[in-house]
Amino acid sequence: MSQVAEDNARLEVAIARTRAEVAGLHAELVRYGLVVWTGGNVSGRVPGADLFVIKPSGVSYDDLAPENMILCDLDGNVVPGTPGADRSPSSDTAAHAYVYRNMPEVGGVVHTHSDYAVAWAARGEEIPCVITAMADEFGGPIPVGPFAIIGDDSIGRGIVDTLTGHRSRAVLMRNHGPFTIGATAKDAVKAAVMLEDVARTVHIAKQGGELIPIPQESIDALYHRYQNVYGQTTDDRR
Amino acid sequence: MSQVAEDNARLEVAIARTRAEVAGLHAELVRYGLVVWTGGNVSGRVPGADLFVIKPSGVSYDDLAPENMILCDLDGNVVPGTPGADRSPSSDTAAHAYVYRNMPEVGGVVHTHSDYAVAWAARGEEIPCVITAMADEFGGPIPVGPFAIIGDDSIGRGIVDTLTGHRSRAVLMRNHGPFTIGATAKDAVKAAVMLEDVARTVHIAKQGGELIPIPQESIDALYHRYQNVYGQTTDDRR
Amino acid sequence: MSQVAEDNARLEVAIARTRAEVAGLHAELVRYGLVVWTGGNVSGRVPGADLFVIKPSGVSYDDLAPENMILCDLDGNVVPGTPGADRSPSSDTAAHAYVYRNMPEVGGVVHTHSDYAVAWAARGEEIPCVITAMADEFGGPIPVGPFAIIGDDSIGRGIVDTLTGHRSRAVLMRNHGPFTIGATAKDAVKAAVMLEDVARTVHIAKQGGELIPIPQESIDALYHRYQNVYGQTTDDRR
Amino acid sequence: MSQVAEDNARLEVAIARTRAEVAGLHAELVRYGLVVWTGGNVSGRVPGADLFVIKPSGVSYDDLAPENMILCDLDGNVVPGTPGADRSPSSDTAAHAYVYRNMPEVGGVVHTHSDYAVAWAARGEEIPCVITAMADEFGGPIPVGPFAIIGDDSIGRGIVDTLTGHRSRAVLMRNHGPFTIGATAKDAVKAAVMLEDVARTVHIAKQGGELIPIPQESIDALYHRYQNVYGQTTDDRR
């Protein structure tokens, strides 16, 4: 096989794997109650290519499958002639694309309207880091991004501006909801699940009275341990 | 086949489809936790006829099937001799009928006692539009309808008076609960699901402190985009 | 067959049916999230006999079956030699027995520690009737019974004293939790399910601000209609 | 068979049973919604040996099985050459080991981040005993343990110091979450389930207004009855 043919074959395999992974991960959003109806979306970067795979717009979670995931370039354009290309991609595709273009370390992006995270977003209030699981996972508070509406790059830019250089893999876009990023699509989904869990827990805690802060040096120690020691492999850690 | 025979055959098909659709959609009320026991009901207009199909009264969700859905005329009278006609239709049938008589663009109506929507209704408080998903879906706040009890047309009239000319497909009938309408029964069910989601999210947000309003021009922009661009077809958009 | 043999055969059938019904109804407590671990219990009176059937103590909901339900007389004593009689009945058996002895119209009793109902009970606060579904089902507020602990007839007496002459089929025993009664075991289970639903809804409503009361004459009208018109049969109505 | 061979055979059986029991009990954490993603862990002491079995770190609940549970000595070291020994044990293993070393009566330990329990922990507030189910199960309030982070024996010591001589089998480690202990692993899981249930119920109750305390002598009477009478066997009672 020529080098070009080999590269093409490798790319086809990478795309097929990413389609399967992204399609499958949507079931986790349903399992953890992060989405209703057709809301929410997961995308994953195709390793070694300037491409990503994302959910189609307005399709039931029951009907998602690898072959109806949509392949896009990093400008968010559907790659013509590929499976699923006859459908529209998620209406949040431009925001995902902006993140992939500007954060090369990101391999997955997730957006949901999970209730407790959206509730903090509707007040434009960051979630304070008062539980050790948050320190482990996010290394501090969950930040709030700007108010931005669909139609240009303002959502993507808000995500990138807020998360660049931040420990948190989650941002609460004001009056809108959470976006999470990760080294892989699975990692971004984990961040979305853990985010809703801490958003809920800290909300409940706050309703009951005064929260006790965790000292910054303990937050730092927990975050560094978790990123380096937890789980079986680097992937489990995140 | 004569024209009359053809028309009859077409009507039979339309009725059978509506029975199947309405029976099946009740499972969505269960899936999203909008109903308990035998509460709640979905109806759907039979396309091309002055008829609609509705759930029987007091029957378990486990036992609903196309053949026990009940066919009614637009005055809410059961059509004699049709499958299911030996049972009583939903006790909310008069309200559904009133909506179909007075809002010809409506193809489906849903009523539930979903908890968060009822909670706003028990205070007679409209749900403010502070999250973008609400702007997309409902184009503004969810309005409150009058207090009205079963027995005459007052519930139906309250729904129609509140929703006529309003962007929202959902109304919170005071001290009672939500009714939602849609171009199709599925669209009305989607509205019921999204309504409970926003009722819950905005409740949680409000418990935590001051809500940030969304500027009216952003609400308008979001609503118009969503009605025209989201999803694969016009049906997905709603 | 002699009259005695016929009566015995009829009794055996009635017992077998009650065992099956009571065992099966426990699944509804699980379905609606009213119980955790082995908590909660349903009992049903054997029609035509001074006997009732109740859940064994401390047995997993996964393992409940007609043959391990326990047959008791109206003093709460296990009937020796019957299936299940080698196990202890629910530790709430004395309270159920007291209700059957003193309220001959009652055919079923349910006890749970469902969260929202217990929360009202921990404050000793009746649930006000601010939603029409409560007026339909309970005809007014849900009353609070006295604080009473296991060991004598004080729980049973508290239930009977509170519910005798009251429209409500549910009582919140102070600092303890709800007991519900019904014409049948299924009716008592329905009351337990509807009670938790209204306890939750009215709690949420109250957290958000001032509740709007329903005028007494509307409560009366709704209650009378629902008891006489709703559902397919008298049984559905309750 | 020699005595040594017999003892070894008996030990192998005990280990195999403990692996199966601990693996299976993790499903209860999922069933009752106490954990998300790979969080939470159950361990069980091997009867008659200075060994315990615990969950691997960062492995999905879908993939847990007897053969990937990890066998540890009471210093928390993985026993080399045993099934699962190629993987890392739960990152909370040191805390579990400390409990087994210092509380010989403990046969099982559970740790979760269940939301309502963590919410009380984030305020460092003990859960007051205002419902009879708490008096039954925990004999009084749920105590708060010290703030302690992973890395040495401080979490284990905090658990042991708080629970030694206390009726409660549950402790809320400040800003972290609950640990529960039991005579068996199943008993510790029951405590984790009941803890979250009471944490949730008392939170809801407290949001609604003033709680009514239960007199100490009633708490004592309920606790003593429940420990001695409830269920079919001693095991059911806890």
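Each chain carries a letter (A, B, C and D) given by its place in the written order, and its residues are counted from 1.
Quick note on the criterion: a residue touches a chain if its C-beta (ideal position, glycine included) is under 8 Å from a C-beta of that chain, and two chains touch if they have at least 3 such contacts.
If you want to know which protein each chain is, UniProt gives these names: A, B, C, D = L-ribulose-5-phosphate 4-epimerase.
Keep in mind that what you see is a predicted model, and the values were worked out from it rather than measured.
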Interface numbering overlap (same over half, different under half) for chain C and chain D: different
Far-end chain from chain D, centres as C-alpha averages: B
Angle of the C-alpha superposing rotation, chain A to chain B, to the nearest 5 degrees: 90
Distance between the centres, which are taken as Cα means, of chain D and chain A, whole angstrom: 33
Separation of mean Cα positions, chain C and chain A [Å, integer]: 46
Multi-partner residues of chain B (each touching 2 or more other chains): 207
Full enumeration of touching chain pairs: A-B, A-D, B-C, C-D
Chain D to chain A touching residues, read off their complex: 36-39, 56-59, 87-88, 91, 113, 115-116, 118-125, 147, 149-151, 174-177, 203, 206-207
Chain D residues within the chain C interface of the complex: 32, 130-133, 190, 193-194, 197, 200-202, 204-205, 207-212, 214, 218, 221-222, 225, 229-232, 236-237
